Amino acid sequence: MSAPFFEAHGISVQFGGLKAVDGVSFTVDKGEVFTIIGPNGAGKTTVFNIVSRIYDPSAGKVVLEGEDITEVPAHRIAKLGIARTFQNIELFEHATVLQNLLIGAHVHRTTNPVAEALFLPSVKRAEVALREKVEEVIDLLDLAVHRDSMVAGLPYGARKVVELGRALCTRPKLLLLDEPSSGLNVEETEDMAFWIEDITKDLGITVIMVEHDMTLVSRVSDRVLAMNQGRVLAMGSPAEVQRHPAVVEAYIGAPAGPGMAPLEKAS
Amino acid sequence: MRFIFKTRYEQDINLFQHGGQMFWYAVLGLVLMAAPFVVSSYVLTQLSQIFIYSIVAFGLMLLAGFTGQLSLGHAAFLAVGAYTEAVLAIAGVPFLVSVPLSGLFAAVVGIIVGLPALRVKGLYLGIATLAFGTIIEEIIARAEPITGGNAGLMVPPINLFGLRFADGPAFYYLAFAFALAAGLILINILRSPTGRAFVAIRDSEISAQSMGVNLAVYKTMSFAISAAFAGVAGALYAHNIRFLSPDQFTVVQSIELIMMVVIGGLGSIHGAVYGAIFLIALPQAINAVKPFLPLFLSEATGLQPTIFGLVLVLVVLFEPLGIYGAWLKTRTYFDLFPFYRQGMFRRQKAFQKSDRLK
Amino acid sequence: MQFIQLVISGLAQGCIYGLIALGFVLIYKATETVNFAQGELLMIGAFAGLFASTVLGLPYWLALVAAMIATAIVGFGLERVVLRPILGQSAVSIVMVTIGIGYMSRGLITMLPVVGTDTHTLPVPFRGEVFRVGGLVISAEHIVIIVTTIVLCALLAALFRYTKVGVAMQAMSQNQLAAYYMGIPVKRLSSLVWAIAAAVAAIAGILLAPLTFIHANMGLIGIKAFPAAVIGGFTSLPGAIVGGLIIGVVEQLAGFYLIEGFKDAAPFIVVLAMLIFKPNGLFGERLAKKV
């Protein structure tokens, strides 16, 4: 059997005395949707920040396709094929949706600044080519209506989609989605679920996501990892993890009794 | 109101969005070309000065308006360019060689000044650049053998292919050409990946980084380009003013430069030009109305700074996008007439968002 | 001996920088705005003191108090009229407004008929007096500066530690919105902080007056106080004073021991070194954005 597509090996990180993530290990196979769940403060986003190299882990390593990426600087991550979204949306507010998506395609630039300053014909051709790729994402995510709108004026749901689109424009192999459905209404969450399925099935992109909405988790995930206080509680299929006593205890605070209903998003 | 139906991606990339735009720019170009035949030589010198400050404004707009890096030491880059040009011109170096060298040297200084930008942000960066500006001013004042120190330095006229560009119209056309080129370069950078990376850094460093933008490289590049623009402008400035002394490039001038882009409209290329016009035209306008003012006002040396300060405060309070924003609103008003609504451009009330964590 | 002499005058000068820096830090902590007009508030304070002692004929210490009150009202008014409407705008916009206020105050003061662009002398009771301790000659002006600074710092420390208003201000400096939700009158406190910062500036102005005279451009000294605030970390009140003292002493020593020109550049060289090697200053808190 070949090496796994993605591997986190005993990663830990400390803030002062607090161990935010403590020896977390997991592997993700190619084409899988792998979800990390857990109560607030469990260290889920911190795991993302380690993988996308915003934080340095104090121990452990992160491996993508057999290559150790633990020491890679954050701006090289996109080039390696990892893209991410942010929990609280980090878009380029004072730019249009189209410009945001084009920045997503930044790693695929083929022109140099000198040629750009003169705007040589080659730059123009490259820009059109870049635009064509971006338009594919716009089509996929139905963003055409917002194409020339400023991000600052968009409703929350649309921003979430733009952020997903921006991540897709980097043409990633691995997509990290930090709470893709938070703040979305039922209909928008439904759309998001469809897109996540499209992304994995049609585009062949592996997805790791952090999510609270258990309906969405059960629907799209192949495997689920439950965390609490920086440690792994359980890992397995969505149904298995939801029934796992440690997971139930972490959410509800009491040992699981028989016949306990599976967790639903409190809303 | 004009609707443009786009059928090709090139339409978003091209310099002019539609024929009307091209027409008006052509008219403006012709008017500016004809100016030397109409206006007095004094006005012509002032117009040249506007071109020169437009170049500075383009550079500073790129840095402050599009990359979000505050520079409170920009006069130092102007000084580096001006003195380099003066010293090279005195040594007999031809203009076509000395101008690029002035820009290049200013860019090198810009890279050094930009170093703190890799570690600090926002106001801290402002203070770091202010510190650099003061130090550079001090160096120029003390390097007497080269710069003439506080006594100043006379600058010989431009010598280009044996032609002398000392007089009004010739220098005016030269400054016009340089301003046009600088504007084009700025537009080109902004409509290509480098410019988008700058905007990304301005709006969110953390996600710019995750999109593959190397913050150190692009911040340094922004400082270098911005300083190079100021350096070239400084070279022209040296020939337009013909006398350099350190007190032309103090912190106060740096602050006036940043005022220029804020009043013009941060984040807008047009705004840079409006700001330059404002900076050069305001003192002239004040001089023009002085005879009609009561004595205590017209005698006061503080009249100009007061009006400057007042305009700045009013702009930030009521027109955050500066002169460009005012123009935008006026145009929208007429475009939509009679359907313009009062609240269309109203800003949201907000609490202080923490900048410490940007 | 020469060295100690220089250090003492450096400390006195440093107290002035420290007091201006204190104003920066007070306003920055409470409202996250760097007040580029702090130097101009100092100038206004000095002129207010001049007015109180020459026109109204108040004795020195009463003139000091009167100047504090007058400048505090100016600071309060500025916050209320100019800064509050732009609360929540980008830091650069707010900084530009304070720069604009600085320009206006500098210009307007020259329009006052008797003030103009002249330099004025503030009458002080201890002018020219010196104390001799061993071989040291210490001028009374320097002692007054240092003692007043110490007293003022003690008062401010007490205000922040023991009064309800002080504690509320601390809360506000941590998180404005949260403080607002907890029922702290954030807007009124912002005005109050500006008033306090302006009063501190007035004291600095009156202390500075015997050293440099009073004139419209005396506020430009504020530019040298930025390094002081940065060295202190920009969020620490004791840090501001320590930073001021460092800048004052470094400037004096550089002016004496190094070649001409270093005196004016020295504070900026120190602050650049600080920003490159320890950007959070001596006492600053280290913060990183959460995503």
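Going in written order, the chains are labelled A, B and C, and every chain counts its residues from 1.
Going forward, a residue touches a chain if its C-beta (ideal position, glycine included) is under 8 Å from a C-beta of that chain, and two chains touch if they have at least 3 such contacts.
All values reported here derive from a predicted model rather than from experimental measurement.
K.L.:
By Cα centroids, which chain is closest to the centre of the whole protein?
P.N.:
B
K.L.:
Determine, using the mean of C-alpha atoms as each chain's centre, which chain is farthest from chain C.
P.N.:
A
K.L.:
How many angstrom between the C-alpha centroids of chain B and chain A?
P.N.:
Using C-alpha averages as centres, the distance is 40 Å.
K.L.:
Starting from the mean Cα coordinates of chain B and chain C, work out the distance between those two points in Å.
P.N.:
Inter-chain centre distance comes to 32 Å.
K.L.:
With chain centres defined as C-alpha means, what is the inter-centre distance between chain A and chain C in Å?
P.N.:
One centre to the other, that is 48 Å.
K.L.:
If I count partner chains per residue in chain B, which residues reach a count of at least 2?
P.N.:
Correct list: 206.
K.L.:
Would you mind listing the residues of chain A that make contact with two or more other chains?
P.N.:
Touching at least two other chains: 54, 86, 90.
K.L.:
Quick check: what residues of chain C touch more than one other chain, meaning two or more?
P.N.:
291, in rising order.
K.L.:
Given the complex with chain C, which residues does chain B contribute to the contact?
P.N.:
Touching chain C: residues 64, 70, 115-116, 119-120, 122-124, 126-128, 130-132, 134-135, 138-139, 141-142, 206, 251, 255, 258-259, 262, 266, 296-297, 300-313, 316-317, 320, 347-358 of chain B.
K.L.:
Can you check the complex and tell me which residues of chain B touch chain A?
P.N.:
9-10, 12-13, 185, 188-189, 191-197, 199-200, 202-204, 206-215, 221, 267
K.L.:
Mind pulling up the chain C residues that touch chain B in the complex?
P.N.:
31-32, 34, 82, 85-97, 99-111, 113, 116-117, 175-177, 180, 186, 216, 223, 226-227, 230, 234, 260-261, 264-265, 268-269, 271-272, 275-276, 279, 287-291
K.L.:
What residues on chain A touch chain B, complex-wise?
P.N.:
Going by the criterion above, the answer is residues 52, 54, 73-79, 83-84, 86, 90-95, 98-99, 102-104, 106-107, 109, 111, 113, 116-119, 123-124, 127-128, 130-132, 135, 166, 170.
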